[in-house]
Amino acid sequence: MDSKLLKMLLEDFKSGRLDVDAALQKLKKLPFEDLGYARIDSHRCLRTGVSEVVFCAGKTIEQVVGIAGRISQNHRNILLTRASREVFEAVETAVGGCKYHEMARIIVINPEQLEQVGNVAVVSAGTSDMPVAEEAAVTAETLGNRVNRIYDVGVAGIHRLFHVCDDLFKANVAVVAAGMEGALASVVGGLVSCPVIGVPTSIGYGASFGGLAALLGMLNSCAPGVSVVNIDNGFGAGYQASLINKAVCTKPD
Amino acid sequence: MDSKLLKMLLEDFKSGRLDVDAALQKLKKLPFEDLGYARIDSHRCLRTGVSEVVFCAGKTIEQVVGIAGRISQNHRNILLTRASREVFEAVETAVGGCKYHEMARIIVINPEQLEQVGNVAVVSAGTSDMPVAEEAAVTAETLGNRVNRIYDVGVAGIHRLFHVCDDLFKANVAVVAAGMEGALASVVGGLVSCPVIGVPTSIGYGASFGGLAALLGMLNSCAPGVSVVNIDNGFGAGYQASLINKAVCTKPD
Amino acid sequence: MDSKLLKMLLEDFKSGRLDVDAALQKLKKLPFEDLGYARIDSHRCLRTGVSEVVFCAGKTIEQVVGIAGRISQNHRNILLTRASREVFEAVETAVGGCKYHEMARIIVINPEQLEQVGNVAVVSAGTSDMPVAEEAAVTAETLGNRVNRIYDVGVAGIHRLFHVCDDLFKANVAVVAAGMEGALASVVGGLVSCPVIGVPTSIGYGASFGGLAALLGMLNSCAPGVSVVNIDNGFGAGYQASLINKAVCTKPD
Amino acid sequence: MDSKLLKMLLEDFKSGRLDVDAALQKLKKLPFEDLGYARIDSHRCLRTGVSEVVFCAGKTIEQVVGIAGRISQNHRNILLTRASREVFEAVETAVGGCKYHEMARIIVINPEQLEQVGNVAVVSAGTSDMPVAEEAAVTAETLGNRVNRIYDVGVAGIHRLFHVCDDLFKANVAVVAAGMEGALASVVGGLVSCPVIGVPTSIGYGASFGGLAALLGMLNSCAPGVSVVNIDNGFGAGYQASLINKAVCTKPD
Amino acid sequence: MDSKLLKMLLEDFKSGRLDVDAALQKLKKLPFEDLGYARIDSHRCLRTGVSEVVFCAGKTIEQVVGIAGRISQNHRNILLTRASREVFEAVETAVGGCKYHEMARIIVINPEQLEQVGNVAVVSAGTSDMPVAEEAAVTAETLGNRVNRIYDVGVAGIHRLFHVCDDLFKANVAVVAAGMEGALASVVGGLVSCPVIGVPTSIGYGASFGGLAALLGMLNSCAPGVSVVNIDNGFGAGYQASLINKAVCTKPD
Amino acid sequence: MDSKLLKMLLEDFKSGRLDVDAALQKLKKLPFEDLGYARIDSHRCLRTGVSEVVFCAGKTIEQVVGIAGRISQNHRNILLTRASREVFEAVETAVGGCKYHEMARIIVINPEQLEQVGNVAVVSAGTSDMPVAEEAAVTAETLGNRVNRIYDVGVAGIHRLFHVCDDLFKANVAVVAAGMEGALASVVGGLVSCPVIGVPTSIGYGASFGGLAALLGMLNSCAPGVSVVNIDNGFGAGYQASLINKAVCTKPD
Amino acid sequence: MDSKLLKMLLEDFKSGRLDVDAALQKLKKLPFEDLGYARIDSHRCLRTGVSEVVFCAGKTIEQVVGIAGRISQNHRNILLTRASREVFEAVETAVGGCKYHEMARIIVINPEQLEQVGNVAVVSAGTSDMPVAEEAAVTAETLGNRVNRIYDVGVAGIHRLFHVCDDLFKANVAVVAAGMEGALASVVGGLVSCPVIGVPTSIGYGASFGGLAALLGMLNSCAPGVSVVNIDNGFGAGYQASLINKAVCTKPD
Amino acid sequence: MDSKLLKMLLEDFKSGRLDVDAALQKLKKLPFEDLGYARIDSHRCLRTGVSEVVFCAGKTIEQVVGIAGRISQNHRNILLTRASREVFEAVETAVGGCKYHEMARIIVINPEQLEQVGNVAVVSAGTSDMPVAEEAAVTAETLGNRVNRIYDVGVAGIHRLFHVCDDLFKANVAVVAAGMEGALASVVGGLVSCPVIGVPTSIGYGASFGGLAALLGMLNSCAPGVSVVNIDNGFGAGYQASLINKAVCTKPD
């Protein structure tokens, strides 16, 4: 059962040939694995359009390896986020053929080079924000988006931003990772006409309160067209940017 | 100078026939009005693709009327948000021909019926969240989007949500307005494959702390694909939903 | 003096044959041990219906071993919570015959298999929430309750929850452990008709603020029938679930 | 279709004669009313065991009257909480035969005297906490529980509490409403062997921060067996107390 | 005794002809008035270089009039801040010859046109921030500074700021009043080479938390050279700007 | 039974002639009145050494009058705090012979001029802090302490404080009421050798967050010998100052 | 110059034979040492009645040893608080003859057994609160107070407190150290007639937020006569308790 | 192109011979290096008057060394702040000739002794605040200011401050670094007539909440003329102090 089959099923559902419960029932018939400590959601890729993602923080290495072992059998391009090098080595030993993006802290299991479409700009304010920006960029690339990295263009030297205006104007969606006061999201939001996804980072000290200052700054952005994800959530920003960029690059029915 | 002219200008810029400063200089030549207390940004519609928006809260009625008077001369479909009935009456007297959406607290000056394209779902958890949901819906409609309102489907009676699954699946983007714990954004985010924009509302009491609980809930959503705007910021959600929906409905170059 | 004796005493008290001070005085005559650094509350089991519980965090290993040594002489099924393996080894050396639940971080001294009655559902949102869920489950089991573990059914893939609805419907009380936005408590609360005890966990990052987001989410639950304990307080949830489940399984006088 | 029918249905479901989707489908066939601004959840009483409840704060009087008008046709003992006298008068005019509990701010539509079973203690710390305590007490009484009010027994004069110990010992569940530092929940929790539901109230000033101090105090209670609901949420406490008390008074299958 | 006398005294003190206690003793001999509810600090103007300032919020009109009456006898250019029109009318009636700056909410008693020196730029992000910006501007003007008002140049339309760059470059010190995310302070701080004093304003809603977002944003500014005063403290910003501007315009000894 | 009797009773208890329960039992035999909404604690004056105190905020006028009516029959010098003039007039009508301290918002029922002993300094930083300072001063005076008011000596003009050093040095205990940053408590604490009780006031705006800044400032005082009561809690400060001053003026046994 | 001399000086000052400046000048003539990184306040003992105290946290070992070396030459009973064993060993090596209270983390340099007068009760809620309680107790003992330690009497088993009521009643002042919800301060405050100094401890987890819950609880205590010091500030509590107890034991002039 | 050239350029711009875009364009022609992870802002020294500054926290040693290597080729007196000794050693190895200020955690690359002009007072409250004070002092000295260090003069022994009054009076600007309650900024602000820049430090514990107490204290200072930078931001304070002091020492055009 693949996504075309799913589409057909949903068409039947839309036309009334199938009611909602019947449709859900069919979906639920798809196998999922119960490892005791984790229920692997095998048809998430059908439901939400992306392959399985595993958030490694807070799981033991044994749990990550166990989950990775199972889903590696049926999926490609599986993302393991917040993965330390130690986790990577354990997963690589158990599964093999993984790719590790160290700065982004992302493991890709069964990596498969997808065609990269559209244009996602990933913008960062400072060098220290790069790990979060890379998490967004690698996520978007792995999901099949063309990514344009525009780093170290914080507002303290705003002329640096104007050198990259033309790059910004080409994007279908822009991810802006910034710590401290997070003002870059507002400034970019005031320049471009595409959606902007702000990722506050925990970079800063004192009254940054672990990213709270940047988070509040972005939420209160005076530029419309800016929405925000959790502090340091590069994955979430890259994921939503992918949803938007790919929808733009695909003709609707 | 209209948006086609702007596009041509940017093409020249992309090809190197025009450098970035020259391009910006041309943009800046566009007239803007300095009223002393406000600088009307006449080419924002070129730059960001939408007409002027005036946030009325915190301005005196005199200031709102003054700003409205000027921009009504050159623009259509101007949005005045957070406008009380009293503000509406003053603006209507001064300008005339306005439309007032009372629940959404939005005035549209020089309303013009745009073709409504695509599909923006606006979902609300409870009856009390409706003013915020309406602010999003009216914003999106005024900007030319087809809007599907799905109200009062909060998670306390989750079967209500399943009755509307098929509506949700058709959306290009979903706005979810919810107060209290804001869980609806996560549940919708786990069901659909389009981007979800959460709008925490200030509905609640006690430990909702004016919408903080819903805000934190949405920011920490376990469902990827959810980004968040400020508490009660229905306008911002509707605006970004419009950016996404219209980009999806328009073929990229 | 056991709990029947206590009941008789309280009957006398209810009927007026004994006044409140006399009753309290009798209770206070029960021996308690003063170790200098701890007063062991030997008749707590009479007063509140459970055996002694020792919270190990913040105590030195020497203090834990000292307290354990004394109460192990007169009680069975003593719970030591938040106990690391290191604490377990020191206690086992000193006392012997202990049982250690590693994931739950609970030591049971003088473990005694009680008949397990009723039905307590312990539900967790993600794999990372399992230590807290296990603390609740082991607590409830040790206190004589039948426990049904339902793990990794978070709302990001809500269909997983529907596979376990029938299990949920059988419970006399449900404990729901969830971090991040904690939405699972509201969703479960909207499905079942038994009391739900939410345990926010500290799982998350950024704007989860150490569990604050989940805590506020659960406190503001739009589903009635949900009450909440402290962040990560699996013991407290399991304990209260036991009070409720055992009361339900026991005929009142 | 009443609750016996529902039980039979669930039995079929448990035995495998009916699968979960079929069961849910049947439940969903129950009519619900879509008023545009509210979806009335007609079978909540089946699903969660209580009649419909309407939270009036944040709704316009027109909306409350509209909702009340519809559900009054098919239900008895409907609770409208946070209802001002003005709301009461509008509802009474539209529907008639309502009962208004002024201190509790609760309207009961189609009041029906249920047999009051078991024993729910509702305890308050000070005179100022009474409105919240009454919200809990009236909720529990309306849902068919015997309620024992024990008011003004705060810990500043702890001897007052000992006069009512015997009343506390008889309860199946205790609700404790307290503002300021909320210490009463811990003290009661240390005395009784039944579950305690703490309701922090917003009574206080300065560093009570609208009930935050009492909320944190109760969440950190050193007495096990205490769970907590939102600040001033007397309804939620009375509701959960009812779930517990009635389960205790009813033999399980 | 005037400021020249004071300077001489301090010179004596510096050279050792007078020790610190003797100097302080002399200063303390200056008369001050004890009204019971206020001690008027008659030589503050000597000590800190400005005339008396009265913060009206939190004082009764009677107290303000009483204080104003006394200090109006010996001083010129007295500032009464946070003064409503009602306060103004009472003071004007009692004292006479006052000047009222309504938007700035400042009364000047015994106004005296000082020569205006140097260049203080007062920049505001939006129309709603004008009352705070005016408080700064009027304060600085009254204290004898030339003020250049640059209003409504928020970062959502950053090209507006570039139109005023040349004005900014001429300032000896810039005050930047901005609400919402407060990003304007960082952007201005990155452009100019003079000190910038940020004044977060309480303009905003939801997660602006009464100006907290702007305050944190300015404190975490990635541009060096930005310091911050309290939310809405236009007076404090104008005052410090005056200290800096006048020091720059005066040759040091 | 008066305080001498009580002392004798406690002596018996100390010597073993009476055990603790017997002692408590005797104390509990003292009558207390149950008004339904309030339990009047008639022997608090024996237990804690002061007469009954009624906190009026959060109580209806009817409740205050009812409580006042009862306790006025048996006590003198009863304090009603946070009492508006409206409350005063209702109580005066019902009871008569009351004294109202308007700035302190305190009613004294059955006022009786006690001998005023010792020396309690009540210090305030600004004119706006006077209501809180007066609450402390009137409380202490009513309880029989000599009070020395030292007002408007905030640290912005620290020389004002040195004029009153000699007054400060005479005090047995000092109450310091200050809003804004609350620095006065530290400065006084560094000067005197008696205990200092800080009362943060809610005077301020913006980042004072309703007195939080002053509260945190006083709690973190670098001067030892400073303890703190709740924001605006002038009563609590005056009460504890009275306990200390009177203990100092009375020889211990 | 000792404290008698000081008293004489102040008498002269009171009588007018010496003005305030002259008095302060004399005090300032007392030698103090400037180590570059610390100004040792040699006459603090005269001014505030206790010997020098050094807070070790945040200072390097070298700085502590340097300060200790100097003040050890002229003072006895010097307190070094928050001192680890490592600091103790370095100080002991450099200075010699020190006494280390390990649980209290206090070093006493040149310890001198003062006569212990009066009665300071130091009460703690749980075993984990003992380090803070000991810091208070050792501080008070070193300053010459008789201390009665009453540990592990938290409100979860309130009968334990009644066993020690007679001890509490004998105290001139009570220090109450409690973490979690901090309710013990209120309960003790409601029982005794002496001043109570609450010390919230950082013991707890989750929503205790590092002691914030206990701090807010104690600040909002419904029992008058309770004041509060900073979280974990056992020294501050012991110090103020000493000021009170010694004043009570000393006849005023 | 040096600063004189820049001045000429700006003169042309002021006179209208050059418009703003042309001027900006010229500035942008200055080379800047794109290292991939950092864009070195080579003409910041022209734009804001100081050399490049690198904030090391949050960057890898490799990144710091890479940035340092490049900018060391064209600049002198480059500041690397928040640099550990380990970072210093790596930079020194790579670049050579650096100077390390260990307490201030500042590396100066290509140090050049500038003439030190004017007078910047750097004041600290306690020994523990010295690292932050040194960061300010070394920053100001490196930028060519004469610095007067006045350390350990906290308000707990306020007489220490009076010994240094004369030093304070000579300053053109004062930096005040203080933790705990941060009261020193207010006290200094009340004494001097120059601008005061407060730097709250994170020194403290418990309710200092990592410097929040000092930050709020300084923001709410009752003394005008005080502005504030981020917690522990000694660099920012020293930088702004330099801007002010040097402007005062330079005649304006």
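Here the chain labels run A, B, C, D, E, F, G and H in written order, and each chain numbers its own residues starting at 1.
The rule is short, and it goes like this: a contact is a pair of C-beta atoms (placed from the backbone, for glycine too) under 8 Å apart; a residue touches a chain by one contact, two chains touch by 3 or more.
Bear in mind that the values here come from a model prediction, so they are computed numbers and not experimental data.
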{"item": "Number of hops, subunit D to subunit E, where each hop joins two touching chains", "value": "2"}
{"item": "Far-end chain from subunit E, centres as C-alpha averages", "value": "C"}
{"item": "Intercentroid distance (Cα basis), subunit E paired with subunit C, Å", "value": "59"}
{"item": "Chain centre separation in whole Å, for subunit G relative to subunit F (CA means)", "value": "24"}
{"item": "Between subunit B and subunit H, centroid-to-centroid distance (C-alpha), Å", "value": "42"}
{"item": "Cα-centroid distance, subunit A relative to subunit G, in whole angstrom", "value": "54"}
{"item": "Set of subunit H residues in contact with two or more other chains", "value": "21, 24, 28, 47, 157, 162-163, 190-191, 206-208, 212, 215, 219-220, 224, 230-231"}
{"item": "Of subunit D, residues touching subunit F in the complex", "value": "126-128, 130, 151-153, 157, 159-160, 162-163, 203, 205-208"}
{"item": "Residue ranges of subunit A touching subunit C (in the complex, touch as defined)", "value": "24, 27-28, 32, 36-39, 41, 44, 47, 55, 57-59, 63, 67, 200, 202, 210-212, 215, 230-233"}
{"item": "Subunit H to subunit E touching residues, read off their complex", "value": "10, 13-14, 20-21, 24, 47-50, 53, 118, 162-163, 165-166, 169-170, 172, 190-195, 197, 215, 219-220, 224-231, 235-237, 239-240, 243-244, 247-249, 251-252"}
{"item": "Complex contact set, residues of subunit C against subunit B", "value": "125-126, 154-158, 180-183, 186-187, 189-191, 204, 206-209, 212-214, 216-224"}
